[in-house]
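Okay, so subunit A shows up in both of these, paired with subunit B first and subunit C after.
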Partner chain A sequence: MPEISKMKKPDVKVVILGDMNVGKTSLLHRYTERKFRDTISTVGGAFYLKQWGPYNISIWDTAGREQFHGLGSMYCRGAAAVILTYDVTSWQSLAELEERFLSLTDTANHDCIYAIVGNKADLTDPRAQLPADPQSPAEGGEPGTGPRVPSACPTPPASPLSPGSPPQQVGREEAAALYGRVLRYKGLDEGSSLPADRMCFETSARTGYNVDLLFETLFDLVLPSILRKRTENQRSPTVDLEDYCEPPGRRRGCC
Partner chain B sequence: MLNALPCSYWDGNMERDYPQKEGAEELNICDQPTEGPGAYADTLATSLSLLGSHMFPYHGEVVDRDVKTSVSTEDPVETLLPDPTAVERTSTLEAELSQKADTESQESEDIGLSAQSDEVVLAEASVNNGKDSSGEFVVALLAGSKLEEHCVGTEGTSSVLSESIAEEAPPLSHRDEDVTAESWRQHRKHVFVLSEAGKPIYSRYGSEEALSSTMGVMMALVSFVQSGDNMIRSVYSEERTVVFVQKGPLVLVCVANSRQSEQQLRDELLYVYYQIISMLTQASITRIFEHKKNYDLRRLLAGSEKILDGLLDLVDWDPSFLLAAVHCLPLPSSLRDSLSQILQKAITPNLVFSILIAKKQLVTIVQEKTVIEDARLEPADVHLLLNLIGASSAFQAGEIWTPICLPLFNPDCYFYAYISYLDPPECTVCLLLLSTDKEAFYAVAECKRRIEEAMVAQNSLSLIEKAQSYSVSQVGVSDLRHFMYKPFDVPDNHRQLTQFTSPEMEAPYSSAEEKMRLLDLYRYMHSRIHSSSRPLKLIYHVAERETLLAWVTSKFELYTCFSPLVTKACAITAITKLLRWLKKEEDRLFIRYPPKYSTTPNPSKSSRKSEQQDSTDNGFMSLL
Partner chain C sequence: MSVKAFELVPAVERDLLMGDKARINVECIECCGKHLYVGTNDCFIHHFLLEEVPSQKGGIKYSAQKLQQKYLGLKKPVAELRAASALERLIVLCDGVLFLVDMATLETVPSATGSGGAKIKGVTSFCMNGNPVNTDPFCVEIAVISSRRRTVQVYTVYEDRVQLVKEVTTAEQPSVVSLDGYFLCLALASQYMILNYTTGASQDLFPYNSEERRPIVKRIGREEFLLAAPGGLGMFANAEGVSQRAPVNWSESVIGAAVCFPYVVALDQDFISIHSMLDQQLKQSLAFRDGHILQDFEGKVVLASTKAVYVLVPLPLEQQIQDLLSGDRVEEALVLTEGAQPNIPRDRFQILHRRILQQAGFIQFGQLQFQEAQEYFRKGELDVRELISLYPLLLPPTSSFTRCHPPLHPFADLNHLAQGDLEKVLRCKRFLISYLGSVRGTEASRASREEVDTALLKLYAEQDHESLLDLLASDNTCLLADSSPWLEKHSKFFALGLLYRCNGQDSAALQLWIRVADGELQDSTRPDLYEYIVDFLTFCPNLDLVWRYSDWALKRDPKVGVQIFTKRSSGKDQSGQPMPDDVITYLEKHSPARLLYLEHLVLERRIKKEKFHSLLAVLYLEQVLSLLEGAPPPAPGQLSLARERLQALLRESNLYRVQLLLGKMEGCDQLLLERATLHGKLEDHGKALDILVHQLQDYSSAEAYCLWASSSSSQGAACRQQLLHLLLDMYLGGGAEERRGDLEMAAVDLLNRHGERFDAVRVLSVLPEGWSLQLLKPFLGRAVRTSVHASRTSRLALGLSRAENLQLLHDRLKERKKPILVSEKRGCHLCHNTFSCPDVVCLPGAVPVHTHCIAHRLSDSALNTHADSAPSKHVDSAPNKNSTQNSNHT
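Showing the complex of A and B:
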């Protein structure tokens, strides 16, 4: 407890966006608590501080519900990385990223990096069904309210947005295509940006599949952004840098 | 024609087992400006002796069965005429009851009898009520399986209603309930929310989709009645009460067999309405439906079902809602004061409320000075906040930042709530900071760190951890099993938040069933005390397994539960002792001197009903 009361200034901000029920909270929970358990739909946004080596990374887990749409741009202000999350069993959730969430990132840093994350891969990919972390096998048994989908249905539907039809799988190509469109929306050059195959992930919060990979890749990628911010801060002496000299913490584990 | 017969007949439903003359005696009690607990007890003693020796039967199933038969067979017009023989029967019954009240089977038989005789009283009362409630009416409806045969009302209405029960959509897995199953119908209390256009918005059990035809029918009923410039308020059947509340473009319906009064159910529906407002604001709901009459509000409320489910569970289990008062965690007043001071010191512009909660009970509330001068925080708003916290419990280290509207404070604008637990991983001590500034998260989070630091320095967390609900045994009265005490005015501060205190429910009320039974008894006593047609000041109620005494004065409202063997004299002594004990402990049991921020930098832009707030825009309006 006292540890928390210690002042920790976040060095960098990571925001998780995506439609409700895609598993944003579950992903973060899996990463920080090494567990999968029943969640409650997030209200507003929840702020977490993660120690990453000598750095403090703030993570905003936002609510996907339309009710909280307006707050998104506030959470995204100054973000160094945005995780755009969809549910691999729901075309709609991928479409929503473009329709509803992409514009929220307008307030993010201009050098913000974007990851496209298809969660619930355990429902479509046999590889994602194995527990990634043998010490903490998947908990909670059956997926809660997540839509159940026959695991063999690889053909992408003709129309991704047909309303009322049962949820259908989203392939990696669709995610990569979306990544391209995100870069274009941001006015970024595909050649000089991080490639889609590095920035598109399929994860499972339930089994832990690719979850550490996702967060750790992103954290490593935002390091330059942290360093740049610190140099800027050193020029303005008013800013508190007290935790600058903290010894590096463990790279992972409880914080 | 619809409003003439059945409604007046049923209006006094809750009154039927109480002979009129007792009511008269009950009414002239109290309200003397007496001092101190002793004086109150004197009044009580006099009052009780006035009541004589008869007991109050609890109206149970039996009563209703009997009434049911009479409803479906007798002509209501006839029952409106007083029947002298029935009155006689009532008085002999009283004598009998007072002799044999302890014989269970005997009692229920007698109540059965009384049900018939009391109908006279009921009918008389209804005649009076009919005048007050012109323009509003109650339709008698015999719901459930017998609906088709027994439905009383106009032909149009009854046929529509039969469909509602008979024809249901196929079950959906989504909310895990087969709405066609008998178990679904047997729920103690259903709650539905629909839009004026008849679109389903929320159902407590079963999915809204599966129930859309039922909700459509409810709406048909509502609008059918509205077309005659009337408001539908409630429908009674043999075992259920259906209550309708319309608030703006929303219609809320409750179908309950909990035997609560119509007013209580109405109040519960209002809590549901307010919880919806707390998420969306009244102004935006109005705007949405002005914009598009058949908007599907579930789009905006999706994900909030658990908050509403949680609220309805709380309403059933937590008497705070019934009493419209807040339950504080008992704490030494010195500790409470020092915690208040900690909160008072950690402020930032636009922070208007700092609330500390432990073990789901209030520890202290600090309000910005201009705000408290302007308006006070209503218990209902605190209840909604507590429910929100319960339903949104993020995991441990997270700090939540979310818009929330306090509907009684101002139904049209948002506050931004910072919610964080101070004692992870236990998560029993929760800090809630409310700001009017959407962007203030980091400043407010900084306040939390200061509060946390000060609490560490003073070791407050472990002191709070020691605080506990108390046991009724601490009062030291052997026959007293439980009580709820709600003082109306804490001296020195008339703007105080209404509070109540109550001990832990202990044996014999340890199991869920027994707890609910006691709560039901309290609800029953409460409905009698607050009956709109015949409010009472004092009720001494001998039930099968306990004896209850409810008493309301200008200074407090008190509900007590005794072992069944208690005598009236004992009960009076017990209450004297209890009041004395409460007086002695009040500094610990209540927030006595609510603290304010002495000065706030930049007093908030927004206070109650301020116009310039960016009232509704939470961003979702742009999506409509």
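Showing the complex of A and C:
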């Protein structure tokens, strides 16, 4: 039997998890195709190979439907980053992340990084309603209020944008709290991990708000993981003193 | 959906297998080269020879020939069959017993003596290792699921014996097994797992309820398995437990699956579904009744219903791609092509890929999706002539191009494509314009430069496009022969001229343009075509052309036409420029132009050549004379204008032949002023002034004459004084009695106006006695003031010069500020006696002398010269000692 041709082997894997209908497919589609279009509920899973500089990053879009839940840990195996996605208009979708999806990440890399992403921000945040096309960055709100800066006053639930919007919106601080619990679950020290305000995003696949930022932040963060994987693959018994890397987080001080 | 990727071809029909015995079913199959083995539920193995034969339709058919059949004697169905061709054995599972059968004879192989035998009992299922770890070619490795609870065994099978390698237990009862290297991939009761049988390391894959649904574990390649997953998925997993391909969504009740790159083929009870691994889409679905078995053998997918055997024959990749393209499914065709890249030799792939891209481009083009089309054309490196050839008449008949065969698209030409929709045609043309513009000049279109440029030219001309002229003005390879009728048809004569030029046919260009300028041909491209032609001739280096066509330009408008000569580069490099003499000769017939040209030479370029100056003066004079004679009286002002020009030339130029002009003016009483000027040129001032004073009685001109005639002299002031005196004398010398008063008044005026310019003493001596002081008051006032002024000015100048001189001496001394040594041993330079005291005078050059010696010397020279050149008196009163010290320092 002839060997099936191997595909371009990705250097690193990023997995998008989250309940059905939170917009995982739409996010990936917005990022890769720069469009928002109708989706059908994902069956099984799909992935996209992204060329990031000299690296190939595979981004897995998983199915949120309960039926496919069992496949999740397989997708997560060896993942360098996991995007835990909820729907900012659905409290339940945030709760599901902790109840159903967090345990799937047990198979991910030990140094896997986690991002908490509240999608459909266009439904709650006026800033997310502007088209965030990179060609016209001027439209994307004042640069001073960077999206990662935790807003001093959370989106007031009392002023919903449309009268019919669901009442149980999820605020940023709840996402940040979940992030803290994810770290605890992973047995990670909050002090030495990436801070919540860097790893919690509110996005809109519909307008593109923060979508590039999300993916590109993650790609930049997983680069060290790629480099390590590459050196592991060509591991030699000789210790390379030149290549020695200081473990992150511990900086050599003066005396 | 619906790509035709496979064709279902019958291999062994019911008749050959069981005839009309209704109870007999196919249980298992094995295919090894041309040999097909079928195990049935009545414990028979049937052996066929399967030959491929081409069918009339171009595909293939199978003809099966039954070689033999063998009853195994167990009355139980033959559950599984596997061939080990190197051993010439079939491994058979029947009634829970696994044993070996000779491939050729189908005889059961007796156990070798002394070994564990060639039988394994209590087997529920087994598989062969697709990636054996044993290097011995004469054995195969198998994994066996034992009917003992939760046990999997690995055996090595030899020709006549089997040998247990390893036995592992599992947490749950396994039902299906697959083996790759050391990796067992197992379907357990509630999940799939990967188990390394040497290390015992295991990896859970994902949950699956094997009791509810039939699990599938199919090795599809090195360390990669295809598994049936919940929700009707086909999941991929490698030995590390990682999924590297996206799952396909087949169905909940799949019986068997296999991979035939790039497709996943899955068998359901009533149909076969075919998904692409490249985009996970369902590509084809075939009805298949009573589906029972689906297996692939060395890339050949064989299926069986309960009664018959079929082969799923893949259609050639290229045909699949063409099918997709003919359904306008460009994206899919490309995904398929690109996905097949690793399976196709590099150069063949490139050709195929390019072709598909080009076809894709034409499909988009046909749908007027120009942006996409352009992208595909670019990526597919389309020979741009393929596209041009779609547009009628755009390709030059001389082009060697023929369309690629088989054709890249179904269109005969643009009209066929547009079906008479003119709007569409127009859009296509606009696209071609932009496309050609973008490929023009790129390396890719080098070979078809001429076609590209010519097509562009034609399109521009037809569409009245502004870039037509830009194209022709730039470096281009438009074919003249093919383009010129086209340009004529669209009345682009100006452009045609440019094209002639590009082809080095300037003369043809000029002829054409002249016809347009004369209104013989209509082309409104340039309303200023005449000026353009003049400009062209002006900068035309080919003098032949200039001589040939300037005539026309001069005739039409001498003033503009003469620019051909006057605006030519007058820079240093005069080579290749017409000689002015030749031009003048040439312009003989065009006298206004000749005049302008001479003016250009004389007045603008200031060429100092007698011939030009004389000729110009003569021409001016002739003009004046003809105006004077003027049968039709000249317009007012015209004469004076002409005379002014003449006079100016006569005054300003020193090069013309004065006598010649004087001769021509002979007998013309009206040109006295000019004559006076000419006499002036001859320095015959008496005659000149005589004309002015006595004949013209124009005193102001006489006065002006004096100033003018002296202005060119080297000794201006002296000469002027002389002339003024001459004039004064003429005034005072009298003339006719009745004019005496006038002349005297003129004399008084002259004196009073130019008091300072006369030699007052001389004037006083010639003035008539009777003139009152009052009359001459301005003159006298001016004369005295001038004299006083002169005296004061010179004294001032003297003072200033002295001061300057002093300053300079001071500076000089400062420059060479060395101590001046005076000692008893040194002598004075004037008297040569030694110094006795430090008071000395220093001459320039730091020469000390006695004070009395220099005083003496000065009083001597003061008597001889008036010039005051006293040396500065510098007394170095420093004591000797001090001076010596200073000198030591230096």
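The rule is short, and it goes like this: the second predicted complex is superposed on the first by the 194 of 255 C-alpha atoms of A that agree within 3 Å, B and C clash if a C-alpha of one lies under 4 Å from a C-alpha of the other, contacts with A are read in each partner's own complex, and residues count from 1 in each chain.
As a convention for this text, a residue touches a chain if its C-beta (ideal position, glycine included) is under 8 Å from a C-beta of that chain, and two chains touch if they have at least 3 such contacts.
Here the structure is a predicted model, which is why all the values come from computation and not from measurement.
Of the two partner chains, subunit B is the only one that A:32 touches; subunit C does not reach it.
Shared-chain residue A:224: touches no atom of subunit B or subunit C. In the superposition on chain A, A:195 makes contact with neither subunit B nor subunit C. In the superposition on chain A, contact is made by A:47 with both subunit B and subunit C. A count of residues in subunit A touched by subunit B and by subunit C gives the higher number to B.
In the superposition on chain A, contact is made by A:68 with both subunit B and subunit C. Once the two complexes are overlaid on the shared chain, A:78 sits against subunit C while remaining clear of subunit B.
Subunit A uses residues 1-2, 4-5, 7, 43-47, 63, 65, 67-68, 70-71, 73-74 to touch subunit B in one structure and subunit C in the other. Within the complex formed with subunit C, the subunit A residues making contact are 1-7, 9-10, 43-47, 63, 65, 67-68, 70-71, 73-75, 77-78, 107.
Only residues 174, 279-280, 299-304, 306-307, 388, 391-403, 417, 422-424, 438-439, 441, 445, 449, 452-453, 456, 461, 617-620, 622-623 of subunit B touch subunit A when the two sit together in their complex. Against subunit B, in their complex, subunit A makes its touches with residues 1-2, 4-5, 7, 20-21, 25, 29, 32-33, 40-49, 61, 63-74, 100, 145, 255. Considering their complex, residues 130, 204-208, 220-222, 224, 229-231, 233, 235, 237, 240-249, 259, 261, 280, 296-299, 341-343 of subunit C touch subunit A.
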